[in-house]
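Following are the structures in question.
Shared between the two complexes below is subunit A, which pairs with subunit B and subunit C, respectively.
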Partner chain A sequence: MENLTIAASERSPEVNFDVAAGVLQIKGESYPEDASSVFGPIFTALQDYLAQADGNGLKVDFELIYFNSSSAKALMNMFQMLENAKGTDIVVNWQFMADDETMKEFGEDFSEDLSHVTFNLVAVS
Partner chain B sequence: MSEPGAGGGFSLFDAEERTLADAHHLLGRMQGGEAASLADVQILADAYSRSVREQRRLVKVSDRLQNQMALLNQELERRRAEAEEALERLRQAQETLVQTEKLASLGALVGGVAHEINTPVGIALSCASHLADATASIRTLFEADDIGIDDFQRYMDTAADTAKLIVANCERAADLIGSFKQVAVDRTSSERRSFRLFDTITETVTSLKPNLRQGGHRIDISCPPELELDGYPGAVSQILTNFVMNSLTHGYDPGQHGRLSITAQVDSDDMVRLVYADDGKGIAEEHRTRIFDPFFTTRRGSGGSGLGLHIVFNLVTGPLGGQVQLESAGQDGGTGFVLSFPRIAPEKGGD
Partner chain C sequence: MLAKQYRAFKSTLDERGIVFSFSGYLSEGILYSLGDALRQKMALEDTDVTTIKKVFSVFVEQSQNIIRYSADKVQGNLGKTVELSSGMVTIGSENGRFFIVCGNIILEDDMEKLRGRLETLRGMGKDEIKAYYKEQLREPPDEGSRGATIGLIEIARRASDPIEFDFDRIDADRHFFCLKVSI
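The block that comes next holds the complex of A and B.
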């Protein structure tokens, strides 16, 4: 499968999925008109990757500054998808600015439903 | 439902939709079973369906609010940028006006110079002309061989007197030109140098003589003649000129003869204390806090720019690195300003 690279727009995040390395990065802001059009391609790529991971792990790095409610819903769906991929070692790094309490709480909230996925809260300054 | 990502992320409520479909199938399988259980499950399925609808609605509403907020933030940022730009333009316009005002006062100074030099040059000219006439007369007598001792005696007296007057007045003119040259150079160059404060004060006052004489005003100077400063004589000269012109413009009614004073001395800590005062009408209480503000003037209609004291403030706090204060009016009224600045101006003070 091919790498997925989407440049950031004013309302959507930058996406980099390095398939060979097994690293997906999502960073920036996310408050698009249509969340499914932004997250749809990411979901498809993740499905394809997880279907043929064949023992390879996956690392997902989030560096989100801001997202709206439908992006939050999309993220929940994404975490559910990761949690259900039992055959793959998955590590999520949830980066947030050290002074952004809200983004930290979102990370904690998302991690609650995860047991199979390793979820790291990473404060940066 | 538990299969990873079946259906992809094309519906945000994909999982919920599938749960609803599952519930629908379950109800179908339960048809014909126990009626009470069926009714309970139906209630649960309906409640879940409403809950999902509610979730969709909330997400939509919340998205819209967040969207509006983002737009408002953009608008706010745009307005802020606009306001900042306008402020910057205003600052530049003000700077330009201040420069214009400085040049205008330099123009006034040149006018004063011309007026002041006119007197000795005029006297020298009429003396020279008188001498020429007398010489022509004596020559006529000499050529007619009709010259008497008395005639020659008188001519020699005339020649000696006029020559003396010509020399004295030309020297006076030369002195004036010399001092004005210094004032003009200082004013325009704003270069740092060592200077005697007394000389700068007297040269500046001389350049203002025509204005002072017109209204019959007097100005007293008290300053140690040997007091030497290291700094910006042009700034000092500009400050004094603005003070004097303000006093003459605002302080006195026509026919009133003002008495102005400039007093300077050095404190123990090498600070120059320069006091300027007049005995005019003083400054109205309600104007006292605003006099150093740019464009504050009580004479907008009659050509006041409102920049005179603002320039004073800028020069004292800028190049001179000091402070200026309005003195509270004394018993005899009038206006006083107290300047305090280091004898040796701070580095990088120039503009």
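The block that comes next holds the complex of A and C.
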């Protein structure tokens, strides 16, 4: 499969999925009216990767500053998808600015249901 | 006369502490530009990061609710499909707090459902709203809601006081709906 590279727009994040390295980065802000336009291609790429991971792990790095409620729902779906991929070692790094309570709380909310996925809350200043 | 009229109009807005007010057809592009100016204005006034985030989030959710649900829309094709929704978004400050008010026309048929959702949220405490948000995050969306439930919970979650809302009947089929949130 091919790498997925999407540049940031005014209301959508930058996405980089390096398939060979097994690293997906999602960075910036996400508040399009229709969250599926942003997350649809990411879901498809993740499904393809997980179906043929063959023992390779996956690292997902989030550096999100802000997202709207429909993006939050899409992120929750993404975490459910990762949690169900039992055959793959998955590490999520949820990076947030140390003074940003909102993004920290979202990280805590998302991590609650996860047991198979290793979820790291990473405060940066 | 012209300047006098509009000065009076602007003074009325200023006296109410209004920082921005938009009335008319909203699009995602306008939402972006207004939101950007709003964040810059708050940052210039040394507003703390968490407050800026909360105000911005309520602004986005309220504006997107107007874009999705306003009963006053124009649609057409200008090379691509264009849909514009009419409504009002107002941001201001009073008593040391920010407030965000949105207003738009809704249909009689949608009113009771919306009122029910808002009354449920107004009756909840902070922890209950947070738990309800987490529960709804895990639910498939309601039929036809395009994400309304979670958007309203997000708004209530960021509010410092219980949300205020009201409906003003226009005619047999329509109401003007208003929602005010203080942060």
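Here is the rule we go by: the second predicted complex is superposed on the first by the 125 of 125 C-alpha atoms of A that agree within 3 Å, B and C clash if a C-alpha of one lies under 4 Å from a C-alpha of the other, contacts with A are read in each partner's own complex, and residues count from 1 in each chain.
In this text, a residue touches a chain if its C-beta (ideal position, glycine included) is under 8 Å from a C-beta of that chain, and two chains touch if they have at least 3 such contacts.
Keep in mind that what you see is a predicted model, and the values were worked out from it rather than measured.
*Asks:* In the superposed model on subunit A, is it clash or fit for subunit B and subunit C?
*Replies:* These partners clash in the superposed model.
*Asks:* Please work out whether A:K73 is in contact with subunit B alone, subunit C alone, both, or neither, and reply first, second, both or neither.
*Replies:* In the superposition, A:K73 contacts both subunit B and subunit C.
*Asks:* In the overlay, answer first, second, both or neither for which of subunit B and subunit C A:I26 touches.
*Replies:* neither
*Asks:* Where does A:L64 make contact in the superposed view: on subunit B (first), on subunit C (second), on both, or on neither?
*Replies:* neither
*Asks:* Tell me the contact category for A:A45 with respect to subunit B and subunit C: first, second, both or neither.
*Replies:* So A:A45 meets neither subunit B nor subunit C here.
*Asks:* Once chain A of both complexes is superposed, is A:S36 in touch with subunit B (first), subunit C (second), both, or neither?
*Replies:* The answer is first: A:S36 touches subunit B but not subunit C.
*Asks:* Considering only touches as defined above, state whether A:E101 meets subunit B (first), subunit C (second), both or neither.
*Replies:* second
*Asks:* For the combined three-chain arrangement, which segment of subunit B clashes with subunit C: 25-33, 61-69 or 169-177?
*Replies:* The answer is stretch 61-69.
*Asks:* Where on subunit A do the contacts from subunit B and from subunit C line up?
*Replies:* Subunit A residues touching both partners: 11, 31, 33, 35, 68-70, 73, 80.
*Asks:* Quick one: which bits of subunit A touch subunit C in the complex? Just the residue numbers, please.
*Replies:* Residues 10-11, 31-33, 35, 66, 68-70, 72-73, 76, 80, 97, 99-102, 109, 112-113 of subunit A touch subunit C in their complex.
*Asks:* Could you list, by residue number, the parts of subunit C that touch subunit A in their complex?
*Replies:* Interface residues on subunit C, with respect to subunit A: 28, 32, 48-50, 53-54, 56-57, 60-61, 64, 67-68, 133-134, 137-138, 141, 147, 150-151, 153-154.
*Asks:* Of all residues in subunit B, which touch subunit A in the complex?
*Replies:* Those in contact with subunit A are residues 2-5, 8-15, 58-60, 62-63, 66-67, 70.
*Asks:* Spell out the part of subunit A that touches subunit B in their complex, as residue ranges.
*Replies:* 11, 31, 33, 35-36, 39-40, 42-44, 46-47, 50-51, 68-70, 73-74, 77-78, 80-81, 84-85
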